[in-house]
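Common to both upcoming complexes is subunit A, partnered first by subunit B, then by subunit C.
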Partner chain A sequence: MSFSKLKKAAVVVWWLLVLAPNSCWSGDLRLLVVLSDTLPAYQSFANTLKQSLPESVQAIVLENPDEISEQPLADIVVSVGMKASSLAVSQSKVPVLVVMVPRTSYEELIEQKSGKDHAPSISAIYLDQPWERQLNFIQAILPTHFRIGILYSDRSLINMTFLRKEASKRDVKLITKRVLSEDELYSALDELLASSDILLAVPDNMIYNSNNIRNILLSCYRSGIPFVGLSQSYVNAGAIGAVFSSQRQLADQITESIRFFVQSGKFPQPNYSRDFTVSLKPEVARSMGIKLPTADAVKGNMYDVNGGGQ
Partner chain B sequence: MKMQGAWCFWIDSVVRGGEMNKSIIVLLPHARIAMSILSVLAMNDCLATQNDIPEQSIIQELPVVLSPSRLHQPLSEAPNAMTVIDRAMIEASGFRNIPDLFRLVPGMYVSFYTGSHAIVGYHGVIEQYARRMQVLVDGRTVYMSPTGGVNWEDLPLQMEDIERIEVIRGPAAASYGGNSIQGVISIITRDAGAQHGFKASVTRGNGGISDASLNFGDRGETLDYRVSLGYRSDDGYDASQFDVNYDDHATRLFNLRAGYHPNTADSLDVQFGYSDGPRGVGSPSSWPDVPHDTQNTENFQQVTWLHSQDDGGEFRLQLYHIFLDELNSLGFISDNYTSTRDEIEMQITSYISNSNRLVWGTSVRRDRVLAPNQFLEEQALHETTLFAHDEWRITPLWILNAGAMLANNGLGRKSVSPRAALNYHFTKTQTLRAGISRAYRNPSLFEERSYYHFIIPGIGLVIPYQSSGGLYPEEVLSREIGYLGEFADKGYTIDVRIYRDQFRNIIYETFTPPKDYLNMFGAQHDGLELTSKHQWGDRNQLTVNYAYQVLRSDDLPAGANGSYSSTMPRNMISVLYAKTFAAEVTFSLGYYQQGTMVPIDRPDYDRQKFTRRVDARIAKRFGMNNDGTEGEIALVVQHPITDKYIDYRRRNQFNQRAFLTVSFDF
Partner chain C sequence: MKQYGIRLFIACITLVPLIVITVCLEAFFLHNYFSELDLHSVERGRLIASQFAASSEYGVVSNNLQYLEDITRNVFKESDVSGAVILNSESVILSASGYTSGSIDKLLADLRYATTGKSSGVTRYGNGGLQILQPILPETVALNEFEAVPAIKPIGAVIVELSLARTEKLKSEILWYTIATTMGFLAFISLIVFLVSRSITYPITKLSNVIQKIAHGNLETRIDSTSHMSELEVLSQGINHMAEQLQEERAVLQQKVDMATSDLRNSKEKAERANKAKSQFLAAASHDLRQPLHALGLFASALNERIKFPEVRHLVDNINKSVAALEELFNSLLDISRLDAGVIQPKFQHFRIKELMGRLSTEFEAPAHLKGLDIQFEGADIVAYSDPVLLETILRNLISNAIRYTRIGEVKVAWLSEGTQICIQVRDTGMGISEEDREHIFQEFLQLNNPDRDRTKGFGLGLAIVRRLCSLLKSTIFVQSAVGTGSVFQLNIRLGDETQISNNRSLLAQHLQNEPGMLILVIDDDYSVQEAMTALLKTWGHEVIAVGSIEEALKAIKRSPDAIIADYRLKKGRTGIEAVQSIHQIWGGEIPALIVTGDSTLDLLQEAQSSGYPFMHKPVNAAKLRAFLRSSSRHRSLPS
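On to the complex of A and B.
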């Protein structure tokens, strides 16, 4: 048995000793939830997470990530958002679970930290959705829309090669248009909309922000092109639909990862949230002359397409 | 990160004019522009990277953009037959003025009393002031006192400003307010953020056609705006054997639309508009109304506050003011008027359940008219309404629309205008609709209270009109059955309806001066309307409209001209075909056919014979250079066939028109 395996075994035994008299959860597992900011999105996520955790887990929420090193030692750090995760990964002495960070950003973060001092164990539950799931979603709601338009910039969190491969498997066509600067966003959008059947949002702060969304949605609507968003907020704004993982779904998976850690001494591999939410806006669809299935039917169909919707 | 900091510092020094910058500029004369662009781009990037939160675009809160009042009702769910004229159709039609666009609506009659006085009507009883349709521009009613008509030429609105026009064929008071007894024209202008950059165009053609326009706008963080400046003029109708037609006219106009979005739930839409210009009127043969110009001015201000609720509901508050002025003076005699309108309307949209949406609200309107020759004193009118409309999806296949408007017309009459329609999607692509509604048209101030009088030197007091008042609102009971087939996979849509409209108490003038207005007769209009739209390839679009109508009145008194059944054409056809070729060339062809008719208030010699008109447009777009500047050159030829036709009056002769438009986007 190698040393590392011995070490893992020791951790498991230690945990078992600590927790053995009661249930697996009844010990004093101390969780430090580090938020990137005081933004409502992070705070409401922290509240959802606390509700998801068993009462026996003591969760302390830290709203200022710069104070992470001043905190009393916890057993696990859950870092919420990129800023908190970046600090936690480099400063934490205990395992870190990165959440509310898109996959590409997490991978960049790990790459930057490789070879440097970092937390003993790191994993993540990605905030964004796997591209297969996005494409399955589009096919389930708009089966006759074959030309998927994607507006992207150098800052888009997107793996174009992979996406192209997935698109060709499904006989849909990706129409892409690169935006070099915000100034040319609308001309690029108009050009893209002229040759697409649908516009799929990608995580990109330069393109999809609260300043631009009005004109993007209105341009799509005027052109009769449905827009697929990234969250419930996009659907509320006027997207035809979105597939995303809700805070509750993310929180439940975090709880599960912590349980796994307690049992095995390690986190599961970084992954997307297994469960997801389908949100549709039938009013917008009807107005565009599109008949949508129900959200439940879409979700069921997505599971059917590719077991588990992945 | 340190490397990035150094890069940002270098950029900063370049932007501030450090040594490096100067030396580059000295060495490379063209480097200045390139450097400044690069620097700005890189600066943006540096700033952005420093503040970047990669998860931001997924977790952010966004404003509600497509709120219920922004969403167009799909044809298959609308409680009425509806014709939509969008920007592509407007462009393909080649028309220069808004009224002409309604030739693309089945059953709609478009004509002109003079070159600047348009008559847009639907289904009969159409006289000089087509009074039986509601006309709205962004929810502002422009159907005006004192005449009870629409001053189309005075609207501070250019074709370029229009996003789309929805024409509701049939009464729709519960959704659009009063006076919609035959239908509603709802013009939706382009959003404040729709214009990004500048667009300029110039048009020149025969018949004195000379137009110019400049549109510009910008989109900002919380504020969008667009501005439209325009000038249009032409010589009106051509000279005929009956008249030289002194109806030259010119209009200068301006409008501004600004949208302010301070947060995710609220938005404020502010609009201003102004127009003025001379309108040629009169005739050498109609003394004392000899050829002269009237000076017309219109302006408006409008504010709309929209508040979106979390449950998808919406609160909308709209206030506006319209000012209209016509100076019509020959020195020894004049006929001026000033008309103002103020309205406040509140509308609430709420979702009672996922399948039931209720829209309700109230409005208060005040009209004032100062027209010393038309009324004995300044006139004021206060109208109030209360309206509610419910859309209930009983099952995914059945939709019931039901609503009503309660109105107090300010002239001592109250009315209730109910409407109900049931839509049944009997297949995924086909819908049947049955609808019934009752609606009212209030008498105009002129019909109710006119004392139209002049003192003519050498003759004395002349009174062409004197109202006895006490009029009842006109009433219609409208019934229809519609079929809609939308075969998206075949690119084909067909919309057919048959209807019966029964009118009571139609207000019409007596036949000898001083003329009075009376609830004179009843009528029945039966007909069929059809619209077919076909799209094939990416590049061909064909719209065909056909209307067949039979008009009947059993109690039209002797003295009215001709028979009531011939006051509208029996058959009307309009066709619009548009094709895009490669190389950015578009071609379109319009065909408009109208059967013989005599307008109800015209003598038999003004009979409009069977009329055909063909319009053709060809346009080519071209890129100017790589910076996104584009241009277009378009040639429109209206009625290139040799037979001339007349509009409304025999003196209004329309010969061929041809004009060229050059426009630039930059």
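On to the complex of A and C.
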């Protein structure tokens, strides 16, 4: 029996082991889903999560995160978004799974929390995509664009050192420009676009928001620089493409983590979403004279290149 | 009450509501249309501004001034756009077209004032146009659905100024077009109303004209039925019928009038014949009466000269008085017939009225005082232009009447000048004349308060003569009177000119001159008249040759007589005029001659007048005869 066959057999056994003791699911696992806001997106995510969860899990959705301490004690808390997560991490006495929060933000939360004794188990599934995946994605769709421009500010959730290291690994050049205030945004952008082949968005509310994105996209278009976004909304707005995890993919991973918690009494390590979605906008690419591969091809290429996207 | 024609009424009831409705509708639609135009302008301005703002967004964000200038220029090229400006969020002008720097500062000041407290666009009228300020808002694109949409802040603003000149011109054109159309429409309607009203008024006017003609007596007039209106047709038929009726009745009346007129004409002719017969009778009677009366007068005068016994003289006086009365009556009748015959023609001349009044004063003072009346003549020494003889006769009649009818009090004659006239009044304090009598006093033989016809009160011919004389002198006579108080007779004559008074000595002076003994030839076929005349003339110291015919005269005369007195009607159909002419042929034409006649027919009087010889009616007044002789002696004494 080859190693690969053994590995496959192990996976089957693992799944049997996991799924067999249904009795553990039949227990009274109470899940408190705390939303940061009443925005429809949070509601939608809560619904998706509920649909993903097995029927034995009693999920209670709390729309107002301030009421978290008043809630009857649950077995697990799933905090959705920054505000809910911040409150849950500081106030919850049961294990907390943080979702819909970028890695940097989660790490800040943990840093604040550290030092306190008897902290319950905390883990996370990050909202953002790993930089490796992002760079893989860029390489997969724009293999001839080497200068990756990044506009950032002090509020940007970005680990520049790690990023540079990853870039150097891939023989691409990282061009960065810091924006001190909103007023300087466009001059900084012009400057950056002048020396970049591609603009990669970073999670930064000051730079990339509903009001600015159109003009940023326009600037990019006029400069002939493709813009890589962070979500489907960016692609909708005019970005050439984005790699991201959908709500369903996140919900499935949460369900998986809960199952892991039921079985082992602890959450898996905080990690990025394992599964991801590739979204492309061939119309934009065509306008800019760029020929894009298909999304599936890109995704397959990414898996091939980095083995599971990591 | 003010009256209006049918046309005006029709015009009022049709045109006034039409005009009101038309004007109201036009005003309503124009107002709506203009409002829509204004709204359209505003909408268009806002559309341009919002597109301008949208297209400027990226340029403002990227501060691409060249790009912004292009956009501004393109907006400015739009029709009606008179200005376009782009500002950034700090109101710094990034691009502007259609403004000077001064005007743009003012515009910004105005708009800042207008936009105070507003974040949305502002539309205002100013600078003769429409100014629209539109903030430039970034186009939002939903990006992070897990975050609330951030507040949108304007990144700048655009200003668009839209000229309203084209809109106003369009409005003006539409207004004038509407007015012209309305006027045309109203003119057309007015024409129709005019034609319709004429079709009503024309037959009515025709009817009216026909009625007026009928009213003026033209009953033959008829109306041609040309109206299409049944009511007017009925009316015209009625009028025609009425005219026919009137015509028939008038014919009947005319017939009656003609008959009555014919009767009247017959009566008049009968009366005229009677009047003529009366005149002929009067003329004949006066001639036949004059002959014996003339003789009687002459005899009586001769007798008076010779009678020495007082008792007989008294009888002779009475005879004389009776003769005088008869003479007066005959003279008056003769005067009237002469005046009626037009024999007497006034001889107008300038003379002093005071002299005339002096004579009358002398004449009437005695009779007035005899009756115990005061008589006064008052007036300025002015010159009159009239016939002094006729005027004297008028006044003599009036004064003698006044004295006759006044018992106590006074008679006053006064005259004064009034402009170009002289007003002469004869006043008395007599019995007066009642109002109804005043209309009749100028008729012949009318005597007031003399039912017994007392001869001493005259014959009632005086005022009849006065009336005739006044009309001859073309002067008017008025009477004012109150019963028991007195009467005033007033006549007006023309004022004369002193410079044109003739140098004739007054008649009064002539009276004073006495005549010497003369040889006088008397020719009369009536022997008694011959005798009487001879007796009288001889008493005056004259030598007389009395003959009965022309032939006798020619035989009897041995030397040239100093004067000839000839009867007009002689035997064998000869006349006194012929006798005088025969003697003049032998003895020269300078011998003064007097024609005497008892005839008063008009033909005779006119012949006598034309012969040029002095002329006296029988019975001859002794005084007049004497006056003739005096003038004859003066004439004879003058060198030939």
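The working rule: the second predicted complex is superposed on the first by the 283 of 310 C-alpha atoms of A that agree within 3 Å, B and C clash if a C-alpha of one lies under 4 Å from a C-alpha of the other, contacts with A are read in each partner's own complex, and residues count from 1 in each chain.
Everything that follows uses one rule, which is that contacts are C-beta pairs under 8 Å (C-beta built on N, C-alpha and C of every residue); 3 or more make two chains touch, one makes a residue touch a chain.
Note that the structure is a prediction, hence the values are computed from the model and not measured.
Taken together through their common subunit A, the two structures put subunit B and subunit C in a clash.
In the superposed model, A:191 lies in contact with neither subunit B nor subunit C. Of the two partner chains placed by the overlay, neither subunit B nor subunit C lies in contact with A:256. Within the superposed three-chain arrangement, the count of touched residues of subunit A is higher for B, of the candidates subunit B and subunit C.
In the superposed pair of complexes, A:63 makes contact with neither subunit B nor subunit C.
Of the two partner chains, subunit B and subunit C are each touched by A:210. When the two complexes are overlaid on their common chain A, residue A:284 makes contact with subunit B while staying clear of subunit C. After superposition on chain A, the subunit B segment that clashes with subunit C is 153-161; the remaining candidates among 153-161, 171-179 or 531-539 show no clashing C-alpha atoms. Shared contact residues of subunit A, touching subunit B in one structure and subunit C in the other: 36-37, 39-42, 81, 100, 186-187, 205, 208-211, 213-215, 217-218, 231, 233-234, 236-238.
Looking at the complex, you find that subunit C touches subunit A at residues 57-58, 61-63, 138-150, 152-153. Those residues of subunit A that touch subunit C in the complex are listed here as 36-37, 39-42, 81, 100, 186-187, 190, 205, 208-215, 217-219, 231, 233-234, 236-238.
Partner subunit B is touched in their complex by these residues of subunit A: 36-37, 39-42, 81-83, 100-102, 104-105, 127-128, 144, 155, 157, 180-182, 184, 186-187, 201, 203-211, 213-215, 217-218, 221-222, 230-231, 233-234, 236-238, 244, 281, 283-284, 286-289, 291. Those residues of subunit B whose C-beta lies close enough to touch subunit A in the complex are 41, 44, 48, 52-68, 70-77, 163, 191, 193-194, 196, 219-222, 224, 261, 264, 312, 428, 486, 488-489, 628.
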